[in-house]
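Below you'll find a set of structures to go through.
What follows is a pair of complexes built around subunit A, which joins subunit B in one and subunit C in the other.
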Partner chain A sequence: MAITDLPEFIRADGPDKVTGSGRYTADMTLTGQLVAKFKYAEVSHARITNLDVSAARAIPGVFAVLTADDVPDLRYTPVIADRTLFARDVVRFEGEVVAAVAAISAAIAEQAIDAIVFEYEALPIVTDLEAAVADGSTLVHPDLDSYVITGDTPHEGNVATHSSIEMGDAEAAMASADVVISSRYVADASHAAPIEPRAIIAQWEGDKVTIWTSTQVPYDARDGVCETLQLPSNKVRIIVPHLGGGFGGKCGFHFEAHIAALAKAAKRPVKLVFSRWEEFVAPDRRREGMIIDVTTGVMHDGTIVARTGALLLDNGAYSADATFFPQAAAMHVAGPYKIPNIKIDSRLVYTNHQPSGSVRAPTAPQGCWAVESHTDEVAAAISMDPLDFRRKNIVHTGAIGPVGQTYDEIGLDQCLELATKSAGWGNELPDGEALGIAVGWWPSFAASAGAFAKMHGDGKVQLITGANECGTGSVMTLRMIAADELGLDQTDIELVYQDTAAAPVGPGATGSQTLLNHGRAVETASRQIADQLKELAAVHLEANADDIVLSGGMASVAGTPTVSVPIVELAAEAAEGDLLLGSASAPVHDSPELFGSTCLGDQDFASWLAPQFSCHVARVRVDKDTGVARVLQVHTAHDSGTIINPVAAHGQIEGGVLMGIGQALTEGTQYGEDGRQQNAGLLEYKLQTIADAPSIHTQFVEIFTPNAGPKGAKGLAEAPNVATAGAISNAVARATGVRVRQMPMTAERVWDALTTSAREDDS
Partner chain B sequence: MTNTIELTVNGVPYPVSIATDRNLSGVLRNEIGLTGTKEGCDDCECGACMVLLDGQPVNACSYLAVQAQGREITTVEGLASGEDMHPLQRNILATGGVQCGFCTPGMLMSAHALLERSPDPTLEEIKIGLSGNLCRCTGYARILDAVEATAVEINS
Partner chain C sequence: MTFTIANTLADVLVALAAGARPIAGGTDLVVGARQGKDSLPETLIAIDRVGELRTIEAADDHTRIGSGVTHSMLVSDPLIVEQFTAIADAAALVGSPATRNVGTIGGNVMNGSPAMDTGAPLVVLGAEAELSTTAGSRRVSLDELWVSPGRTSAQTDELCTALVLPNPPDGAGSAYVRLEYRRAMEIAVVGAAAAVTLDGDVITAVRIALTAVAPTILELADLSGLSGRAVDESFFAAVASAASEQAAPISDLRASDRYRRHTIGVMARRATEAAVRRAQGEVIDVPVNRALGVGAAS
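Our next item is the complex of A and B:
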């Protein structure tokens, strides 16, 4: 088969990616380009006493050295403006950028970094979440009250924001419960760890800057550059070449402004490529460590009557987008259950760790792991089968959830049945093996997104979209949607994407929004051209435009396909007259109403538009001598509404499951007593390999979902990352008889739990 | 210290002047201009830079370019024959084994080396052969399918 002759469901960027011709940001070179390097704090908390870059600036071949003195003096980030581009007076985590260098070679840039005089007085570090919220703790931001803080963001001391979800009277209901179970679970921080380390190139032409960058969210990157360097939005163009994965780690605005400022000062294009260590320590998108205390009151018949919870989330040194997540975490600790009385308090706590932020389903794997483990403990306490207990308590169509939202047609109950049946729940397994169940959920997010579409005289179409392709398949699915509207083949459609100068604004690859928001914009813009084609065809075929159907490259009269005209002929005609152009902005869906709940510090994360549901069942074998847990199979069932692109959908599930296994078993950041990461490398921070991968069996519960994406589709990229760790935890517990309360559930921790339990049995 | 050496990449000789301490991946990407070989860690951890040296898979990030003199270097750009993709390239697209694509070149080179030495590999052999290549997107299942499909194809 030739490169030009590919079947359906082949990604449009696929041939580029398998032949090596595709260019990622690090693959690009501009004439005269300089190499950028950052000077990092490499200390967790300190007051700067001397920062002298004069020796670095004097080195031949060094074209620019920048510090906080060289950029506008302002603080940024989305909700709490707590951050500056370069450290100013105080550094608050090891990866904070103190200075940046642009030089003619990497070796000279390194030499310049070494020549920077950076002296400081160490300050006490804040790393323990409980100590951080206790009276008298060192404050990470003593001047927090003086920062610009927007939204409903209650903050005090080291608490960046405090959110809650509350409904009914949890205290009274708990007192009336037959059985009350309390659990504590602790999740370590982890990382997105895309295989492509980020890269940025900036080039100025006059007063305009073009920035090629490996971001998931070009408009957020543009807005960050505009805000921090005080530039108008039409002077900054962000282009994203092929993007080598993101998983949330490349959301937000990171280092684009540093490189733009260096390029301006050096009067040359400047390129930054991160090392793997930098990719681990510098971005403000780490999956937050969490302490989760949860208590559930249940009746002997299995009815949950109350839940309370207290959560602490490690914000790290700056807030990035993490202010949204205490409430998200509370929703995951509530879980997709009917709980009439609930009160969960959730606090985002400043520490001297790397900032946390959106990583694929932020807070969900930790929250779901904790609450699904707890759910099995509750079921065990009343001697009920975990499947039956969930059957009784999960939300179903028409049920009222934990914050008073009534769910329209949903398929969680079907997911539960399908996944457990597929896994053979109840069947006997060899010694040391067990199944574990977890259910999870994740919202869809409404955001503004636009699209342009144009059909050329030869019948070929360009879609200009703000969507971003980080691997999830938007290059396939958006083409499918347009092809369907226009009656064309996918190969007739070409995407113009990842360029803020070309496309209307949109969220990019974040929050599983490509289909939901960009997809609707593409659908409407394509439909506008379809309508124009139908008007033209109506004249040709002497029919009513409403009766024209577009299919297989032809416009024909409904019911009489022989009365037809080729679409390409209509396109040629339009090219000489009124052009075939579409432009659409997808309406932003309203959030569903909540009844009877009160939420403190509401970050719009309690009302869930078009929620996605899942059930994962893991089959795990534990070697009791070593504590090594191996995941043999994962059976999943997902309600993500209509599935438009099955290849992409299965790909998301399988990748999400494997990331979930990593979080469950091996992926956890270890901090030294100095607050610094000790395993910031891919040998020490272990991702799953092909040898670790289990067989994954997926079924979709396809329910047309109104107020969601095109054709009743919901999002899917984050949902598979929610329930895997919880399912593994429950399987480990059933296989061993002991509960591991810290994630990742490493061999050491499993072994520790086994030996502690054995010692207790002996005594 | 700079040396002028000749590197043979995908059958084409390239004379290059490079410092002795340069790694092979950097020279392939910058001097020779073949950027299909990716760099993900510079430490033999991720496998994105996998190339073949006389048919053996090697992490090019941790191999000196000068040591590759006199050897046949094969990169992902050398897999296709003109416009015709290698069956591995075709199959990894057809199975859905490519998402972000950053690990794909290295994965293809490891798979190619595996099939050259073991044209009909067992599942276990495939897993061992590809365990030096990290993929964060796919969960590996469809990459494995692509290697199995290719083995069937080349043996039929």
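Our next item is the complex of A and C:
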């Protein structure tokens, strides 16, 4: 669809953000506010021998200095409770918070940080994933068995959890295959890198605390504060001003409790604003490093008969939300293929790195990059075109997937055809240029979400939602849904959002579910008001309420638009009588059933609700003298069900593609021998810029999907981030004749692969 | 801290004599201070509104580029683009549009970074720095000026007031090419500038300088053997190997020494090829990085 065909309307928060009139957390100032600073471990693994904050506390202008001794002694984080707010006895990564200071100025807070006596005895560090799972490795959590661990979470040594997906008899099938291909791929860690470093302000009034924070998930933040500071949920209010991006980096509970505890101790409002370095090293959200070994058995006719895999994922020092990652990664290494015999083992491994956590489509860019690169290697081994090989093996409507899920109507085969046709697959290209294909998938997530709606006497509507706007498009799409139900214009609808005291609980901006779950709640709550309007109109128009249509600001009798009454009149009438109010909770979806598979350490990530499918084709030019690869074009086709808001949908794809290019080519964390990040800044951590953007051509395969979101929509926020790196990898390989097996596929790595290959040719 | 905005050069030089430090675009000074590299000086004299420093003046035998000329001005100045093209190539690559609008060539030169993009072009075009105090001015070669990373031989009361370049002879052409991993907000991994003069197909003069492969901008030595040679494949191959051999690169987050040593040869060759084509009268748009090939990515 050409951009000129898109409906014309603006984001409700757009003018604020563009003109600077909008307020982000860091822009706020409260009377009497103090400045917070953290004392970080700045060492990867050590036993604390002396932590003395008395000199810091004695500095004039310092109002509070807190350590583990000043907060409830408990471990938190979902599934594996391995974390404390402040380091206790041992520090396990460089960004671990040892102490926190609140002072009258930033300079005095710095002075207090410097005055903290922090002495330690260095412990051996664990950074290599294979060494970490070998016998005799230093343990990051020697007392893991004593922690509270929930769910099916097999753990041992440095393995936080071990998951698998398994179906059929992979070993026997592999033995019967005509050709067996094994590959190893290694992905470096990377970052969400939102442009707004996080900021938090906490203020107490009596026994209630209000926290303004740049989180994607206000309810998770609230629950974290309640858990760690042992407060009831109705005493903690989380408000999120405008967010400057998140990309998953601001999911989860982070530093809200630290700042609330400081504000309580200081008896003043306290504000924290992260530096860029802190944003890189401190949050428990970075994209995990991964080692992927994958083997595929294939017949000469191109049929895949078996796949096995062994994956190691870098959990970092604490588990955050990463416990589902091993199974998610296994699903991506299985891929959206019909594979009857499969066994993929996947282990989440503790190291002394920053903790990993959900960054946009966690595990998918790496898993898809590895398996789609491998897929091209398998196709090459049997001299089959990569497109034909995928045509033969991808899942389609009615097919049984790699864990025994049968798919309803899906559009991956159309995606494959549309994207490859758009890119001109098979056409001759100039020397040094090539196309690469990758297919990807991503689930939709079931979660509870509620919404309130109210229509005022002037016919204007407020939607009160737990949705968050960090690029989700909720400020556009939720209004569209309500406007559609109520026969109004989007400009008649305002959102009240990002405030836990106002809105019913919801997942926030996580897991591509703003539309899927918040959207359904908004649709139902709006429909309740629509039904009330129809009842009122029925009296006015002497018609049956079922025959009333709401459209263009009017309530009219179906088929007789001249018999009508303005909705604003009905609203005015209701304001004097029964108020127009809606409240709804979207029912939690049932997960599809699986047949014939067995999953060890099941983290509910094998059965995929309303799976989204995609095909990306990248056109890449490689400078063989230097190894620099440049992405010239990306052609995408996505099955995300019905597309309600094309503006937001195209925006998600474009952003996802750019993020994918960064991960593929330039974005990777570099660690020193000491386990610390060396490129924790935007000069040396190379994000893509708008000058690097390729042309992006997107088509949607719109299939009404039942048991999904409103109007048959599925999620879309994470899906565009899945297949880009795999497509680029295959294009680079086709352009150069060599495979780069480590991501990011930096210029130097491409050049290394070329020179290694040239040396091998010579010898 | 005091911050004074000067209107005339005389005011600036008096302030420097009294111990103030100059600030123009602040793209190195302020960013460095915010990153904790060096704190801001106690007394700053802003020189960005001094008109005398913001002119490009052509004389019969030389051209004088005021130190306050911004990168944006260099890229859009017809004289620079036509006669001193390598400088325009380099200026067009610096930072972002915002950086180029405030960052100045004088600031670039006096910051003394071995990764500065305008440094190698100035060297191959034979620029001298004009350093001024209340007592008068002197000219120093850039080789003499740059001592080590971030250090120059200028005295604290001296202001770089201009870069003075001999006007190139007929048949001359120049170019600057750098290796970059992205197309904006980038810093040179390695870079090379070349200036050549041709008499027909014969090279009569060639100078080549390298970015980010030594503690300061490195001019290739012993190129006299290349003068008098015809423009052919062996000439370009000799340029590439001279660059790779004479470079003394380090390994850091951006690249290994090995990769730098290889790619500096590629960049030197490409810069020289572009300079030769320009000397032959071909118009290659500024910057060469965008006009040609991927490694200096199009």
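Observations, loosely collected:
The rule we apply is simple: the second predicted complex is superposed on the first by the 755 of 763 C-alpha atoms of A that agree within 3 Å, B and C clash if a C-alpha of one lies under 4 Å from a C-alpha of the other, contacts with A are read in each partner's own complex, and residues count from 1 in each chain.
Throughout what follows, contacts are C-beta pairs under 8 Å (C-beta built on N, C-alpha and C of every residue); 3 or more make two chains touch, one makes a residue touch a chain.
Because the structure is predicted, anything quoted here is derived from the model rather than measured.
When the shared chain is aligned, subunit B comes close enough to touch A:22, but subunit C does not. Between subunit B and subunit C, B touches the greater number of residues of subunit A.
Touch criterion not met for A:549: it reaches neither subunit B nor subunit C. When the shared chain is aligned, no partner comes close enough to touch A:429: not subunit B, not subunit C. Touch criterion met: A:14 reaches subunit B, while subunit C stays clear of it. Once chain A of one complex is fitted onto chain A of the other, the partner contacts of A:600 are absent, as it touches neither subunit B nor subunit C.
By the document's definition of touching, both partners, subunit B and subunit C, reach A:689. By the document's definition of touching, of the two partners only subunit B reaches A:473; subunit C does not.
In the overlay built on the shared chain, the residue A:746 is in contact with subunit C alone; subunit B does not reach it. Using the contact criterion defined above for the overlaid structures, shared-chain residue A:628 touches subunit C, although it does not reach subunit B.
Residues 681-683, 687, 689-691 of subunit A are contacted both by subunit B in one complex and by subunit C in the other.
Across the interface of their complex, subunit C is touched by residues 432, 621-623, 625-630, 665-666, 670, 678-679, 681-684, 686-692, 746-748, 751-752 of subunit A. Every residue of subunit C that touches subunit A in the complex is listed here, in rising order: 35, 179-185, 187, 253-256, 259, 262-263, 266, 293-298.
Looking at the complex, you find that subunit B touches subunit A at residues 29-30, 34-43, 45-46, 48, 75-77, 79-80, 83-85, 89-90, 92-94, 96, 98-105, 108, 126-128, 130-144. Of all the residues in subunit A, the ones that touch subunit B in their complex are 1-4, 6-7, 9-11, 13-24, 26-27, 29, 193-197, 242-247, 273, 275-276, 470-473, 647-648, 650-651, 653-659, 681-683, 687, 689-691, 693, 695-696.
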